[in-house]
Amino acid sequence: MMTTSRSTVGGCHSGLKRPIAAHCLIFVICLAVGVAAPGCGAGSVAGPAPDFEAALVLREKLASATGATEAGEEKPQGTGWATLKGRFIFAGAPGDAKPLIVDKDTEVCSKGGMKLYDRSLMVDASTKGLANVVLFLRNSSRVKEPVPTDALVFDQKSCEFLTPVFAARVGQPIDVKNSDPIGHNTNISGTSFNQLIPAGESTVFTAGRETGLPVTVTCNIHPWMKAYAVFREDGYVAVSAPDGSFTIPNLPAGEPLEFQVWHERSTGRSGAISLDQPELKWNAKGRFKIQLEEDEVRDLGTLEVPADAISG
Amino acid sequence: MSTVESTSPAVQESPQTSVAPSHSHAASTAGRLSTFLSTYVFSKDHKVIGLQFLFSTLLWFLVGGLLALAVRWQVAWPWSDVPVLGKLFAQQGGQMAPEFYTMLFTMHATVMIFLVIIPILAGAFGNFLIPLMIGADDMAFPTLNMLSYWFMWPAFIAFGASFFVEGGAASSGWTSYPTLATNVNSSPGSGWGQTLWLVGLTFVGVSSMLGSVNYMTTIILMRAPGMTMFRLPMTIWAMFITAVLQAFALPVLTAAGFMQLADRTIGTGFFSPEGNIVNNAMAGAGGGQPLLWQHLFWFYSHPAVYIMILPAMGMVSDILTTFARKPLFGYRPMVYSVAGIAGLGFIVWGHHMFMSGMNPALGVTFMVSTMMIALPSAVKTFNWLGTIWGGRIQLTTSMLFALSFVSMFIIGGLSGIFMAATPVDIFIHDTYFIVAHFHYVLFAGTAMGVWAAIYFWFPKMFGRTMNEFWGKVHFFLTFVFLNGTFFTMHILGAVGFPRRLADAYHYETFHHLQPLNAFMTYCAIGMVATQIIFAVNFFWSMFYGPVAGRNPWGANTLEWTAPSPPGHGNFDYQPVVYRGPYEYSVPGIEGDHLMQTDPPNQAAAAAAAAAH
Amino acid sequence: MKRFAAVFWSLLFLSVPVLGVATFIVGPAYDIWLPRDVSEHGAAVDGLFYFILALTGVVFIATEMVLFWFIWKYDESKSNGPGRYVHGSHTLEVVWTIIPAAVLLFLAIYQMNTWADVKMRRPNMTPTVEVVGRQFEWRLRYPGRDGMLGTPDDLHLVNDLHLPIDEDILIQLKSMDVLHSFFLPNVRIKQDAVPGMKIPVWFKAREEGVFDIVCAELCGWGHYKMKGRVTFEPREAFERWLERKYAEQEATQPRDSEMAMASGVVSHPTQIAKNQP
Amino acid sequence: MKMLVRTLDMEYETVSAFAAQAGFKTPSGDLIRRDTRGHLSSGLFPVWVLGGVAVVLLLLTTTGCGKTAAASYRLNMVESAKQRLKPEQEQQVATILAALFGTPDEPIAPSECGLDAAKLHLAAGPVRSDIVGRKNGLYREHCAHCHGVTGDGMGPTAAFLNPYPRDYRPGVFKFKSTERADKPTHADLVMVLRNGLAGSSMPSFALLSDAKIDALSEYVKYLSIRGEVELALMRAFFELDDEDQGRLPEDREFLIEEIVLPVAEAWQAAEDALIDVPEMAADIDMAASIAKGKELFYGNKANCVKCHGVTGLGDGQVNDYDDWNKVVLQAHKTVQGGLEQAGEASTWDMDADEADEHRAELAWLDRFQKVLDGNALPPRTIRPRNLRQGIYRGGMRPLDLYYRIHAGINGAPMPAAKGTVPPEDIWHIVNYIRSLPYDFNGTLGVDKPMVARDRL
C-alpha cells in the first residue's frame, strides 16, 4: 500500500516539478536579460578617479607655499628688433565657394539677387595664396609698439562682416560698425560681448584679455554671418593677405620665439596648421620655433599647406 | 487526523494514470521534449495551468514585495543611502532620485494588482479548483485556458522590461491619470515605460477575459450529475460572479487603454485638453477631458476591487466551515450578498473621484450607492461569525489565516466607510488613510485568504501537506508585522499625511511623523523576511511533507474525492452529487460529515429536515 | 497543550481590538491626529469624522470581541461536543441586514448638508485669488485694485498665499500642465486642479496663522516638493501685504525691491501651525 | 461508458502497482521508472531552492547593508575629449581639483575664492535627515537630482527637462543684475532660488529659510568656480610648451595665481558691478510710452521683432542655441567631420607612423563620440521668449526686464541694447512688453483696462 502510494505521489510529483523548475528558470532568465540589457546601452564615460594621497600632498604644498613665486630660470634676453615674413599657399584645389542660405531681410541681404558665399577657405586663383591664416607669437619678453589708441573698424555691410578674420591688441578700441539699413547684433564668443548694433550705428568694444586661438564672431539675427577675431597683448600677430603673404615687424630679436599658426578650416587640433618643416621644429600643435638676429628680415618663403590639412 | 479514517478505504490512494510520463518513456528524447512541453509547459490540463499561474504570481509577489520595501525605505529615511539599490546611484552617493521613487510605488501597485492578486485568485485557484469542485474532468475550453496563461507572459515581459527602458518604468501611479500619463514629456516614466505599461495591461486584460469566459461556461455547463447551482461551494459561486464581473468590466478598461495609447503615440486628444503644455512641450490634438480617463478607469477598476476580494471570500467560507466542522451559516444570503456586491460594484466607481472636479452633485449619488455596498459585506461578515459560532474549531494554519481574513476584513470594510462619507473624504482622500484601507482589504484580506487557501489545498496540489508548525510561525509573524505596518497608517492618514510623497517631512504639518514611518518600515521589512519561512516550507513540503490522503481535512466538496494530486482527468470515477457542500457535524451519522458524493443517508435526511 | 495553543491564538485575535483602540488613543497623545482646524466648515467635517469613528469603533470592537470569544469558546480542545448543525437563521439574517442598512442610509443622508456647504453652495462673488498648479509650484494671481483677474495690475506670486480671515474666500483653481490637488490640511479643503477646468474652491478661515499648502495628487517626479504656504491674517494686514508685494512687483529700481524684500517675504515663519489634537 | 473505462484504468493501475511493489516488471514498466526518477530529482530540487534563498540572503546582507561608495565629482569629459587629454592628464586634473576643492562630502576652497566654509558644509554632503533639528546636505536634497552632484546639469532627472538644468561649470548665468560679461551677484542667485524661473523646471524655494538659501547660493558659487577652474586646467594643456612633457606645473604660481585667481576675482568683482538703472520718468504717459516702445520693438534700432517675431510669440528665430549647447553641437560636427575624413583616407598608402597617427585619430573620435552620447545631453534649441504669456524667466518686475534688455542674456543669443539704445528707450520697450500679454486698445483708463487673453 505504502509503495503504491509513494509511487503514485512520486509519479505525479515528477509531473508537477517541471512546471516549477521551468517557471523559476524562465522567470530568472527574463529578469537576467532585462538587467543585462541596459548595460549594453550608452553609459557615460568615467574619467580616472583623483589620486587622493597625491591630492593631500599637493594641498599641503599649496598651503605652505607663500604667495612669493619661486624664481623661474631666466629666459635669454636679446636686444633690437626684427621682421618675419612669408607666404602661405594652398596645394589642393579649393573648389568653388558654396553660397550661403539667406532667408531673412532678403531686401537687403540679397539685394538684386546678390549672393553671399562661404568665406572659410579663400585661395587666390592666380597665386594660389591662402588667405586668413592667423600667425602669432606665443610669448613675448618685450614689446616695441604701445597699444594703439585709434579704433580699429570692424564693419558689416549687406549682411556680411567685411573682414572675415581680424586681429587686435588687448586694450585696443574696436569700432563695431553696422553700415546696413537693418539692425544686426555682434556676438564675439568667449568674451561675453553680444551687442545690438542698430542700422548705421556703431559701438566700441575693447578686449579685456587674450583669446589664445581665434574666436568666432556671429550675428544671431542673421545666422549665416560669421567671422573670426584674435586678441593679443603684444600685437605680434598677422592674418595672411589674399595672396597668402604675411609680415610681422618689430619682433624681439636675439631670443627664441615660438609662433602659433591657425586656419579656420584646418584639420589639425583646434584649427592648428602644422607643416612638415623640420628645421622650424613645426609640431602637431601648429607651432614652430625660430630665432631672429637684430634688424633681420627673415622670409620663410612660400609655406605650402597640403591639401589634406584643410577639411573639404 | 481523526477525520482521515472517515473516507472509505476502498478508494484510498488508487494511483492515477498520469498520461504524459508513460508516453515519454517509449518516445525518443525529442519526443520526450515535445511531450514534456505539451504536458508541463504548454499543458491544457487545468491543474498544471493553475500551478503555472501560482508559481508565476508567487514569484511576482516577491518582486512586488521588494519594490514595496524600497518605497518604505524612502518614506522612512528620505534621501538616505539605499541598500542594494544604492549601487545604482553611486554617483548620487547612494540616494534615490525622486522619479525613481515614483516609479517604485507605481510598479509596486501595478505588479501586485495586475500580476499577483488578480491572476493568483482567478488564474491559479480558479483554474485549479473550478473543475475539481464541480466534478468536471477539465475546463470547457482547455486551449483557451492554456492561452489565458500564456497571454500573461507578454505582460510579464512588458512590465519587467519597462524597468530598463530609457526613463525607467511607468511612474504616473497605477491609475496612470492623464495628463501626466498621456503627455510623453510630463515625467521620465511617461515615456517608454508608460507605453509598455499600457501594453502589459492590455495583455493582462486579454488573459483575464479568456479565463472569465472559460469559467462561466465551465460552471454553467460542466457540473457533475446532481450538482445544482445551489449545491455549489461558495468558492465556485465567488469565482462565477468574479468571472461575470470581469467579462463586463474589462472591455471598458481595454478600450480606455487603447485610447490612452493613441493619445501618447498618434497624437489624439481623448484625455488632454486644448493647448495643454507640459514641461514646455505641447500635448497632442487637445480638446479632450482628463476626467474621462478617470471615469473609464474606475468603471473597470472598482469592480476589479471586488474581483480581487470575492474569490478569497469564497475560499475562506469553505475553509471556515471545514475547520469549524459546521454548516455554512446562511448559505443563500451569502450567495445573494456576493451577487449584490457584484451588482452594486458597477455603480460606485465615482467614489474614487469625489475630489477630482467631477460635479459634486454626482458625489452625493455615489456616496449613497457606496454606503449601500457596505451592506452585503457586512452580511457576509456576520455570517462568517455565525459559521464559527458553536462550531468545533480546529486551529490549523489554514484556519488561522482564514480567521485572520475575517478579522482583517472587518477593519478594511469599516475604514471604507470613512472614504464613502464625502465630507470626511475631503480630508483623508489621497492620504495614508486610504493606503491603510486598501492594504487591509487587499493584503490583510486577500493575501491572507490566499495563504489560507494555499495551506488548505496544498495536499490536493502536491499530495503532501505543508509543515504545520512552521506554517503557524509564518502566520504569527505575518499577522503581527502586517498590523504593525498597516494599522498605524490609519492615524498617519488622520494627520493628512499624503500618499506618494518622496519626502513629506519638509512640511511642518508632517515633520514629526518620521519615527512612526520608520517603525512601519521595520515592520514591513520583518513581514517580507517572514515570507522566507513560507517559501522554504512550501518547497520543502512539496517533496518531503507527510503524504496526504485524498481528504486530509475531512472536507465535503468534490475535489477531496479525487486522488491527491489528481491525475489527468481528475476523477477516477464520475462523482455524483447528493447534497450541498456543508454537511458537517450531521447528527446521527458515523463520522462527523457527509461528503457531497456520499450516498443518500436516512439520518442525514432526517437531520436536515429537522434543521430547516 | 492543544488548549494552550487555542488560548494563545484567541488572545492573539483579542489583541487586534485592544491594540487597535490603543493606537487611536496613543496617536493623539503624540500629536499624531487631525491637525489644528482654522476653518468654519472644518468643525462639521471633523464632527462627522468622529461620529463615524465612534460608530465603526463600536462595530469593530464588538465583532472582533465576538470573533475572539468564539475562538476561545468553541475550540475543539474544549471538546464541548460536536458542532451545532444549523444552516442559518432567517430572522437573524433579516435583522443584520435591516439595521446596518438603516444606519448606513442615515449616515449618507446625514452628511449631505456638509458636503453641499463645502462643495455645492458657492458664494456669489468674484475670485479672491487664482491658484494655478504647475510642475512643481503653486502660481498665485491676485486681482489687484480693480478686482478683476487678467488686468495689468494683477499681482503674481509663487507658493506664498496670503488670505484675510473671517470672510468668504473664493479661489479659482486651475492647472497649467497635469493634475494637482490643492490640499489645506488645516482648513479641511482638498480639490484636484484639472487642466482645462476652472474649479471654484471656497471657505472661511477663523484664525490667524501660517499653514502648509500640500499637493495631494501625483503630479510627476517633483510631486513631493510642490509645497506652498498660506498665511491667514486680518483684512488690514492682508491689504498692507498686498500693497507691499505689488510695489515689489512694479519695482523699477533695485532699492525698491530690496525694501520690499526686507519687509516682505517671511522666509521662515515664526508661528508655524503646530498640530493640536 | 466513461465511468466504465475509468474503473478499468483503476483496476489496471492497482494491479501494476502491486506488481511494482512485488518487484515484478509491469508490461509498460511505468511505475517503477517513474518512481525512481521522481525520487532522484525530488532529492536534488529542494537543495536548489534553499541554495537560491541562501544566495538572496547573502546578497542582501553583503551588498545591501554595506555602505555604497561616497558621492564623487565627474570630470568634464567633453572638454577633456575636445582637448585630447591623455588618461594621465585627466588623472592630474582630477587630483589637482581634489587638492583645491575636496570632495562632494568634504568641500573646501582656496582662500582666494572667499567662500564661506560653514555655508558650504551646510549645503554639501549626504542628506542627514534629522527631522527636527538642522538639516545638512541641502544641495543633494533639493538640487542634485537635476543639477547633478558635480553641478554639471546632468542629474538623473536632467535629461527629461526642457530647458535643461543649468550646467554651472562654464560659470555663465543668465538672470542677473550685472553687465552681460560679469558674474551674477550673490543676491542674484538668492533671487533665482527664491522665485524660481517661471516657465522652466526651476521651482521656487521661497519657503526655505534665508540661511538655507544663502548656503545653497554659496554652494552653487563653489561648484561654478570649481567647474571654471577645471575648464581652465584642461585648456591649459594646449598652452603647454614642449619641454613641459604634457604635465601641468603643480606650483602655487600656476595653480593659484594663473588658474584660480582670475576666476575668483571675477566672482568678487561682480558684487560691485551692478548695472545702474536710470529712473523711469515719474510723470511718464503710459500710453505714449507703450506706443514708442512698439515702434522700437519693430524698428531697426532695437530690432526685437527679428527674433521675438512679428506677433511677439517668440517665433522669429527658432533654430538658435545656448552657448553650452553650441559647444556640444560643435563637438558633434567635429566628430562627424573627422569620421568622414578618416573614412575617406585608406591605410594602404600610409607609412607606419602615419598609419599609427590615423589609428590614434580614429580612437580619439570614437571615444569623443562615446563621451558625447554618454556625458552630454543632446542639444536643444532655445526659443526667444513668447512675450504674449506674461511669463518671464528672469522675473516680471520692470527692473528685471530692463536688466534683460540692457545687458542681454549671457549664454543665450539675446544681445545687449546697452550703449546703442538709450535708457529711456529701453524703458519704453519695457512698458510695451509688459502690455503685450493684454489686449491693448491704444488708450488706457480705469474704465477701459487692458484684459488678458486667457494664458493657461
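Chains: A, B, C and D, in written order; residue numbering restarts at 1 for each.
Definition applied: contacts are C-beta pairs under 8 Å (C-beta built on N, C-alpha and C of every residue); 3 or more make two chains touch, one makes a residue touch a chain.
Bear in mind the structure is a predicted one, so any value in this text is a computation, not a measurement.
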Taking each chain's centre as the mean of its C-alpha atoms, which one lies nearest the mean of all protein C-alpha atoms here? D
Counting C-beta pairs in contact, which two chains come out on top? B-C
CA centroid of chain A to CA centroid of chain B, Å: 65
From the C-alpha centre of chain B to that of chain C, how far is it in Å? 31
Centroid from C-alpha atoms only, then distance chain B to chain D, rounded to Å. What do you get? 43
Averaging only over C-alpha atoms, locate the centres of chain C and chain D and give their separation in whole Å. 37
Which chain B residues touch at least two other chains? 15-16, 18, 21, 97-99, 187-188, 279, 503, 512, 539, 542-543
Shared-interface residues of chain D (touching two or more other chains) are 14, 17, 30-31, 34, 42, 45, 72, 74, 157, 201
Overlap residues in chain C, where contacts from two or more other chains coincide: 135, 176, 221-222, 225, 227
Where on chain D does chain B make contact in their complex? 2-3, 6-7, 9-10, 12-14, 17, 28-31, 33-34, 42-43, 45-46, 49-50, 53, 57, 59-60, 63-65, 67-72, 74, 104-105, 126-127, 129, 131-132, 137, 140-141, 144-145, 149, 155-157, 159-163, 199-201
Chain D touches which residues of chain C in the complex? 132, 135-137, 139, 146, 148-154, 156, 158-160, 174-176, 221-222, 225-229, 248-254, 256-257, 265, 267-268
Chain D - residues contacting chain C, complex: 142, 157, 177, 194-196, 198, 201, 203-204, 206-210, 213, 274, 277, 279-280, 390, 396-399, 402, 427, 434-435, 438, 446, 449-452, 454, 456
Okay, in this complex, where on chain B does chain D touch? 14-18, 21-22, 25, 77-84, 86-87, 89-95, 97-100, 167, 185, 187-188, 191, 279-281, 503, 505, 511-512, 514, 532, 535-536, 539-540, 542-544, 569, 571-574
Within their complex, chain A touches chain D through residues 3-4, 6-11, 13-14, 17, 20-21, 24, 42-52, 54-56, 58-59, 61-62, 65-67, 69-70, 104, 138, 181-183, 185-187, 189, 191-199, 201, 203-204, 208, 212, 220-221, 223, 258, 267, 269-270, 283, 285, 308, 311-312
